[in-house]
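Labels A, B and C are assigned to the chains in the order they are written; within every chain, residues are numbered from 1.
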């Protein structure tokens, strides 16, 4: 089986009803797949279901997930009646070998995702210690790979001393140091100013091209899609409404996606035109 | 007000009623001694039975309210007098003045409350009124700090600044708007907590004072206090169990009631 | 990109934060000593009255014991002597003995109680918070209701209850008379265990730790860093435990005053000879220097606990070092 993450037929339910229905996603090595949707469309839930970290109750009630790397394949949701608590505990155990080593997560608020009591260097060392195959490089090397020009100065810093952009890059360094093969980047550039956004996007492109990492990039901003996306998913109100190659944006068929695209074009054109 | 607050109100009302009844009726501590009726269980003549000197337990239970209700109210008043103006002023002016006031109260608070109360009683004697004053002084830092916090929080709010800009006198803003309208539930809650604390202190000292006769702590026998009623039956075999468990229960219920009422008032307090 | 503060500036910020807290500690302690002196100076009767009936002898005693000095003079003398380790001499409790000598062995016994109560309340409170995990539990309400009872009442209930229970069992020939039965002065492990338990519950330490722990655990479990650690496949407990330390130290140090106050009653009621019991005697005998010495030690413990907690918090949490 080829390396990759394949999700079919995801259904997520919350206390108020169905949140996500019938979603199919792929994450492939060396590819950036962009998942776009308005707030509340279910994109974060879908991504977190790949990690088994959906916190809603009852949560994931239906899903077929296949994760392959090298000669190993994992199917964490297989054969489980996901409505029962025992099944959830079993799924949790099955996901543990996947988290970090195969699937990594880049959270939206990077600064809050770092333990406030630990320095950046210490968190990197902790991530390095979790690797299945130890690496020789120290924290500074990984910070350099994440785009820091002076990694020795960043190592002794605490999270509250980092700016938003620095924290996001530290987060990337952590994911790299951990050695995740696939990264789920949850709106990593939202809220950062444009120059920093650009820098982060460059890092992520480098990740794909140089390290061969497969990325699922979640955003509500369509503007980055043309540069980044090998494939585009559009979600609306819990369902997948578009699934097409990234260079075929003119072939959007669904009404929500077209509306989003037109609004985006107007904003982008209005600002720069 | 929620259910627990209502329960608290009921308990405190019962205490006030008992106090009133006791004040009106009076109690002759000597005449009540009745060796023929020792250690009786509950009956129609004595609702909770008698203690080992033949005294009616129920009536002593009611009369004991005199020992803590009056002085308790006095303690509340005194503590409010000490804590509220100082805390309010500190919250209002801020800066060095506030730091100075808070320092004074921090110093008072650095002595554990019971240690302070004990010290004052040892120096000035152990009448309940002295006890009340000591408890008030020991509790005033908590009140001052709470009022300070509340006033300081409100100091910068728009409605205060607007009132100042409109020329409303600062005393009216502080006294009426901040302390009364926005602060009265906070103050009432602390007063209730102090009342509970005073009952605790009075009964503790009376209990220990009764165990060690002549030590001069708390309310001396034969004046009834729930504390000395418990201690008085110590070592009595085959006595009336109600003679000790009734006052014990009463202490716990009244403290609980005061605190429940304080919590009930907190429900309506929007800060 | 913001420039990181140089190491020197960081160290200075840490030192100044600690220095300020130590200064506050010293100032508060000085104030407490003054307060105690003022109280004692305004006493209507004093130790001299207890010892001597003759007015001339009394006057001589007053001068010798230094009871005629104005409070600020006495306070300054007390402070300067205290710095040298001299807390005065007992007047009536053990006349002539140095207060420090008297207090030390008693303080050790009381320390066992306080530390025991602290450990118990931290362990039980944390464990309860972990178990109840925010669910509205009846057991917690019950514990809160029990905690508000006066310490003497708790001790009384336990002692009476235990004695009754032992008596019943003895009547039924089920057990032999236990060594502690109806003998309040008898030393026993049971008495110490009771004292520690009553102190931990009665000072509301268990319920406060439980409450705070529950809130903190909830916040920590929901936090971004625990979520990210979980996504990384890392162990969660180091993150949870160390982030629990700052709020727990705050709670524990705030309970210090209640521990000491409760200690005074517990020792008296359960007949344990610590500083609490000694304070009762000193007050009863109007032993001014002893009472003052013990009060000062009590204030030092309360302030010291606060200082210790601050130091620990600043050490563990780097965010506190740069705050003013």
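Here is the rule we go by: a contact is a pair of C-beta atoms (placed from the backbone, for glycine too) under 8 Å apart; a residue touches a chain by one contact, two chains touch by 3 or more.
It should be emphasised that the depicted structure is a prediction, and the values quoted were computed from it without experimental measurement.
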item	value
Pair of chains ranked first by number of touching C-beta pairs	B-C
Most centrally placed chain, judged by C-alpha centres	C
Averaged-CA centre spacing for the pair subunit C and subunit B, given as whole angstrom	23
Distance between the centres, which are taken as Cα means, of subunit B and subunit A, whole angstrom	59
Centre-of-Cα separation between subunit C and subunit A, whole angstrom	51
Touching residues (chain side subunit A, partner subunit C) in the complex	51, 53, 96-101, 103-105, 107, 109, 112-117, 126-127, 130, 153-154, 156-158, 160-163, 165-166, 171, 174, 178
Touch list for subunit C against partner subunit A, complex	1-2, 4-5, 7, 223-225, 227-234, 239, 242-243, 316-319
In the complex with subunit B, residue positions of subunit C that touch it	27-29, 31-32, 34-36, 39-40, 42-44, 145, 148-153, 156-157, 160, 257-258, 260-262, 264-265, 268-269, 279-280, 282-284, 286, 291, 294-295, 298-299, 302-303
In the complex, subunit B residues that touch subunit C	103-104, 106-115, 118-125, 196, 200, 203-204, 207-208, 215-217, 227, 230, 244, 248, 251-252, 255-256, 259
